[in-house]
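Below you'll find the structure I mean.
Chain nomenclature is as follows: A, B, C and D, assigned in order of appearance, with residue numbering initiated at 1 for each chain independently.
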Amino acid sequence: MTSPPRDETQTPPEEATALLDEDRLREYCGVFGVFDLPEAAAYTALGLHALQHRGQEAAGIVSFDGTRFHAERRLGLVGDHFSHERTIKRLPGASAIGHVRYATTGETMLRNVQPLFAELNSGGFAVGHNGNLTNAQTLRRELINEGAIFQSTSDTEVILHLVARSRESKLIDRFIDALSHIEGAYSLVVLTNGKLIGARDPLGIRPLVLGELDGRYILASETCALDIMGARFVRDVANGEIVVISHEGIRSICPFPSRPARPCIFEYIYFARPDSIVHGRPVYEVRKAMGVELARENRIQADVVVPVPDSGVPAAIGFAREAGLPFELGIIRNHYVGRTFIQPTQAVREIGVRLKHSANRAVVSGKRVILIDDSIVRGTTSIKIVQMMRDAGATEVHFLISSPPITHPDYYGIDTPQKEKLLAATHSLEEMRREIGCDQLAFLSIDGIYRAMGVGRRNDRQPQFTDHCFTGDYPTALTDLAAENRAQLSLLAEAS
Amino acid sequence: MTSPPRDETQTPPEEATALLDEDRLREYCGVFGVFDLPEAAAYTALGLHALQHRGQEAAGIVSFDGTRFHAERRLGLVGDHFSHERTIKRLPGASAIGHVRYATTGETMLRNVQPLFAELNSGGFAVGHNGNLTNAQTLRRELINEGAIFQSTSDTEVILHLVARSRESKLIDRFIDALSHIEGAYSLVVLTNGKLIGARDPLGIRPLVLGELDGRYILASETCALDIMGARFVRDVANGEIVVISHEGIRSICPFPSRPARPCIFEYIYFARPDSIVHGRPVYEVRKAMGVELARENRIQADVVVPVPDSGVPAAIGFAREAGLPFELGIIRNHYVGRTFIQPTQAVREIGVRLKHSANRAVVSGKRVILIDDSIVRGTTSIKIVQMMRDAGATEVHFLISSPPITHPDYYGIDTPQKEKLLAATHSLEEMRREIGCDQLAFLSIDGIYRAMGVGRRNDRQPQFTDHCFTGDYPTALTDLAAENRAQLSLLAEAS
Amino acid sequence: MTSPPRDETQTPPEEATALLDEDRLREYCGVFGVFDLPEAAAYTALGLHALQHRGQEAAGIVSFDGTRFHAERRLGLVGDHFSHERTIKRLPGASAIGHVRYATTGETMLRNVQPLFAELNSGGFAVGHNGNLTNAQTLRRELINEGAIFQSTSDTEVILHLVARSRESKLIDRFIDALSHIEGAYSLVVLTNGKLIGARDPLGIRPLVLGELDGRYILASETCALDIMGARFVRDVANGEIVVISHEGIRSICPFPSRPARPCIFEYIYFARPDSIVHGRPVYEVRKAMGVELARENRIQADVVVPVPDSGVPAAIGFAREAGLPFELGIIRNHYVGRTFIQPTQAVREIGVRLKHSANRAVVSGKRVILIDDSIVRGTTSIKIVQMMRDAGATEVHFLISSPPITHPDYYGIDTPQKEKLLAATHSLEEMRREIGCDQLAFLSIDGIYRAMGVGRRNDRQPQFTDHCFTGDYPTALTDLAAENRAQLSLLAEAS
Amino acid sequence: MTSPPRDETQTPPEEATALLDEDRLREYCGVFGVFDLPEAAAYTALGLHALQHRGQEAAGIVSFDGTRFHAERRLGLVGDHFSHERTIKRLPGASAIGHVRYATTGETMLRNVQPLFAELNSGGFAVGHNGNLTNAQTLRRELINEGAIFQSTSDTEVILHLVARSRESKLIDRFIDALSHIEGAYSLVVLTNGKLIGARDPLGIRPLVLGELDGRYILASETCALDIMGARFVRDVANGEIVVISHEGIRSICPFPSRPARPCIFEYIYFARPDSIVHGRPVYEVRKAMGVELARENRIQADVVVPVPDSGVPAAIGFAREAGLPFELGIIRNHYVGRTFIQPTQAVREIGVRLKHSANRAVVSGKRVILIDDSIVRGTTSIKIVQMMRDAGATEVHFLISSPPITHPDYYGIDTPQKEKLLAATHSLEEMRREIGCDQLAFLSIDGIYRAMGVGRRNDRQPQFTDHCFTGDYPTALTDLAAENRAQLSLLAEAS
């Protein structure tokens, strides 16, 4: 809750955000935890680096050295700060949790960077959260009325206060007490003076896996964070499960009534890293399968299949193979655009998308192009990419999307624009095609995506996945939304 | 409670502290507040600049724009950050409070930088504090047991939680309720959404004055903060008084039983700026009077009176005039030593004091020198200064101190070493003289200093000043000390 | 030649270099220039951004506003500095040249960052250079003996001094005079008070193209720098040609005897961006053709073709198609590794290559893998990549390289290790295979690569390309090498 | 000649300059050198720190380790950079020279920061210069015409080129050859691979002293740089003398015809530190003597003598003693104003001088005040100081200046405004008095200042001091001024 000396040689967050592809969904967060492993903070930094795709705005680590907790929280990439030995040295101890974060609104504040920490009468309590609570604002107001002082605008802090105020005597019971009040999506890692705790919401909306290295347990959002350090995948933490890791070993608690899992389907479409295995499914193979289904649903006369890099590549490989057409890199991505390239003056500002992507004219010119992307959000980038193909000489542009149209916003930790800004929520397919300027536009069907997931078809009474972005079928109550207080407003404006 | 990107081109705080004269007492803080004056934050920055001598480690301002509060808190000098227009622009509004801070321990943390802020159900509440509570740790433990989550290790945060949890309905009553629980020294400035509040502890240990500019009220630790902006001094806030400034004007509340004031005598000896007027006494004139009394108590044959710059200058002027001896600048201060000069290598490290001071050989050589300083803490600097005089050719060095020997630590906002480190607590006068290496050592007597203060002599049953550093006569209970939990330990170590 | 305030929050250059894949060849530089186009510096920044792959260590721009020249030179990526409006505003004028740079040795010095500038009696003269002179040290010694004072250790500065000292009267003649003394590879852009000049060495070793935007001329190392701003490709600057662009239009001068061009073949293998067209050949298509030739030379029983990302991708696509095998992303690249991820502690240091690449287990496990890379330098990364495939369950690993073995160092602007460090210079094919740990190792043949280039076969008496890295056939004299003074030593060590 | 990454948390130089008291004369530079002493750079940093008053804009050190030279040049104070061990470690070797600098114009460029360095055929040659050449522009043009490339806009670089181009065979002869071409004021320190050289212009306008520590020689602008490290003062370097220090010992050369010395009188009035001894005269005692003479020339009825801090203090002590009036600190200086306090908004901008100085009302109110300052340049600060005295209740303000009126600009290394801006050049005494708003204004007479210097009276045919600022009697030719090319313009604008 403080003002750091802003280093103006770095791009200010607001500008940097402007650079990020605004026409993308974003995941809020990734979490990692390790217990009883020497150099815990160094391993946590590695794990967070592997989870960097889940949040690029800020990162934090809290370690415990047996006596004291140590925290470092920074804006920027994991590698910007946590790869420095001097930072890691400030995080001694054999247990640590970490967090990477992306924030939706302009409120890029250091005080929101996780893990959050509270000093309870039982000792320290640090928590990192992936997901979003749907009744956080309602709870926050109640807690303030009772005299709680909030340090952040984060929904996660509600959990801290609920634990601090619980009248249960044992810490784990206080934690369960706290979870019993919250709604929404959460995969949590918690560090106390003696325990590493993992918890997933009753539907298992966000992922959380258990791994093992040198006989010590690890928690992570995705398996890729295990792979980077040569750790072994043990199992997914189950929906509704709490795992308590201590020097006595691991204990599993399922305090709430059992329900079928309903993981978020967007992890497969876009968020998870292609080399991760989510709930037993290799993400890369699922994406190729989406491309295959897309090709089966759309038989097109064309010369070349071109992915929108990088997320469209696996689906394009699947598509090209199923369609018997050549797969070509018709769009080249500039790897140096980083977070920092702001178009400096008006005259060159329109250059926009070319800063990141350029057409590979040799591949595209004079060709009928099938362009494969994973999703359309606002459609603003799609317009530019299609135009870029035409400028490079494509005679036809068939724009195929390897997931269904996004028609509803998310409230579980994905940053979606308001419904009015979602292209598919306000336009018919033909209107979208005209807006985007392609010769043909097609989306994968709901059935197609469930087939690609390997579950036959959608069970409409009890859907196998959280898929409200396509269907409007929200899996939990939306208390704050109903109370019209969804926005996390703070009375205090502070850069940090 | 966050980690700022440390700018390594700045001297890290721990090193900078090493540079500061460790043989000095330090004041914790200075406070400032202004209500209903356009550009409130800019005036607050000016006021804090004038109060910079009360705390050089960090500074913060919270402003209120009628709707939202805005905060900026930084390590470093006021001018380092708050003189930049872009910083002031982030602090809109016509009301603001500010704080400068010096911290005793190594825990230089941004989350301890004031003003602190809480979002209450009645709105925002920001507070800046000069002084130190003597029961903060005891209260903190109670509050944590009740579920409060602390964001800092500052004793001031206790006040926030007491206000947040008070069951009174009106905010001012909640504030009085909070004050009724705390012990020790405090001069507070508080900013709410409609009020600027000032409060002083029942004994008025730390100073707080009320000023006026263009018909708007100002609160400040010292009158010099009024002078810099051409504001008019109205009066001291009284001991035990709360002043509430709002659009309805100013209201004075004295909620606790009336007691005689007992301001800290060290403000006159060392802390306050010489051009400030504290409780009606011009500090410069008091210091000269201490020199006069010192001369009356010590008639010495010598050639020249030399002050240890800069704090010894007024007493030396008074001494020289009373003694009829020439006043000369026998020690030259290097104005560029700033916060940053670290001796780079071992071989040149012993140069030490010469980085800041150098002997003016032309004045000292072959002379019997009377050296005047305001106090001796550890004595380490005194040894070097005396040696410097001898190296420059002084034939005799009479070291005279314009205050009594410091034998007891402070718990009210002055950074004193532990009793064992106080030279006068463990050495006889002759032992001290030998340690320091001077030909004669003398201190002003207790009677002498009370005479210089213009109050005749010390009323031992009800002393006119807080003077425990010389007498061991502490004016309040020392609850935390009795409970052996004086140290403000946190379970969390974080640079910010 | 000055010491910038090092921003220690950035990774120091030496560490950052350690992070870069040390097992890669590197290009020294890229150049760009524009004449008589408003916002010339902004366009130059864009062009340099598109050329960033040619040099990531430093960037610089010099503009001319009709009266004065303006320079900004920085360590870091183009986007780190030159995307800020305030930087571009310090570069007014309608003409500008720019430079991106990679430096071989540890001497990362700001004074070596180009464009270099000299004030001649005729006015200012700025130059940016891609390539390397082979007699720079010899000339430097002569010039110093004549009283010249060098400001950098750059070979390019020799050109400045030769121009400054030429006895010719017209500037262009002085420039030609200077070129007549230098040997080696150079593509130069020069800015004077009225002219933009481009020049290529007699063999055209490094590329340089002429473009046009809104009727104004542009010079750039590659066509991708034209594409990013929608400029039109006009033609390659010819080998040995000087083009002089002024308000009078464009003039071509060929002052030296005509010789056949001999461009560097490594531009096609690795350096140039795949969407660039170099001497009429699309780089992407050439790389695919190398993969095709490689497949023709090596018929292998395998299950999957996996590229080492990103440079191996086009060849792998070509190979897979020719071989009739599936192309799969068996290695996933972490896009966030950036320049900054240093392994913080010893225990996790061995993780190395996994910071940047991870095996896509789903694709590789239980498979016979054909791994495609573009080249082998030291072989250190190859060892790790092959091991990564085995760890992920590959049953066989066939490692195929789409260019011939590198047996000789370069002296024309490619950073190659000393001959002893080149794996192929000191190992037989079988020794290399065992070192790398793959089941099979194969390189494309010299004939194969010339076929892929579309020129039939190598003309040994007058080779069509500069290919000494494979053949030892250096196209120019190596004067400095003969004189054993190749190293650019300076008597002065300075970080900047 | 490069662009450092500007640290925007620091005050940009142009703003910082705005903060400096613009109504002050400034010295360009101070120099230091040490030969054959371990940790030479650390000692040089200390010496420069003691000379900081001679230049606060930038500092640089060049060391020689027996093989290579090492340079660090930075904007800012010595302590900002050269007190860091990591900086000193980059400057190995037992010989070093250093330089502190103040620059007149807005061209705060790193490439102008000294010592400058050239690589000659005989080895490295570094030079630091205090003073200013009066024919530098004329020589620069000639050198450019001959093909020299300048790296800076500094007049000092002319010396480098003259040495580099000299046809003499021995380095010392080349140096003498170079000196034979230059006119003006110079105290030089030079470091070569085996020698430390000091040189003073034929009139000895700027000071340079020889010292000794542990049997090793030191050169420094003032004796205070010897005192800080406990070095012994040996003697002044004589006017027109070159001292050559090597492992063979020290050698003195006087290559030019002998002339009487004529040191700059302003060193005594304002520039030199009060504890320095310049040409055998203690500066502090000279300043007191100026106050005594001033009191003898002006017998005034008043209550109190108040110095304008800090430079007016010694003269005020002398005045008060001679006049039998009390000396009092009627103006308090804020020690924290540093380089950084910019008034953030318009409304508070007028506060101006109060940021640095405040009236000590207790001393001034109701009194007839004699205010003592050392000089008046533009008079802008004097107006504010006098007004501040009146605002604080002074009944009369007698403003007395301890030097004669400044009527002519300097061209020898003092930053004076143009003649039109010098108050005394354009106003009569009475006009000045009215402008400043004091009741009485008086300056010390020329005779008075020569008396204070202890030389009886001015020898008008051969003045004992350089005093053209008062008399217009310039001691050397002003070649550049005659040629109307005094300004050091560069064709290149670069922040560094």
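We adopt the following convention: a residue touches a chain if its C-beta (ideal position, glycine included) is under 8 Å from a C-beta of that chain, and two chains touch if they have at least 3 such contacts.
Which protein is which chain? UniProt says A, B, C, D = Amidophosphoribosyltransferase.
It should be emphasised that the depicted structure is a prediction, and the values quoted were computed from it without experimental measurement.
Undergrad: Where the contacts of chain A and chain D overlap, which chains show up?
TA: The common neighbours are B, C.
Undergrad: Counting C-beta pairs in contact, which chain pair has more, C-D or B-D?
TA: B-D
Undergrad: Could you find the chain whose CA centre sits the greatest distance from that of chain B?
TA: C
Undergrad: Compute the distance, rounded to whole Å, between the mean C-alpha positions of chain C and chain D.
TA: About 49 Å separates the centre of chain C from that of chain D.
Undergrad: Quick check: how many Å separate the C-alpha centres of chain B and chain D?
TA: So the centroids are 36 Å from each other.
Undergrad: Show the residues in chain A shared as contacts by 2 or more other chains, in ascending order.
TA: 5-7, 9-10
Undergrad: Can you list the chain D residues touching chain B in their complex?
TA: 7, 9-11, 38-39, 42-43, 45-46, 49-50, 52-53, 56, 77-80, 82-85, 87-88, 224, 227-230, 273-275, 277, 282, 284-285, 310, 313-314, 317, 321, 326-329, 332, 334-338, 340-345, 347-348, 351, 354-355, 358-363
Undergrad: Spell out the part of chain A that touches chain B in their complex, as residue ranges.
TA: Interface residues on chain A, with respect to chain B: 1-7, 10, 60, 62, 68-76, 81, 90, 109-111, 113, 117-121, 123-124, 141, 144-145, 147-151, 160-161, 164-166, 193, 490-496.
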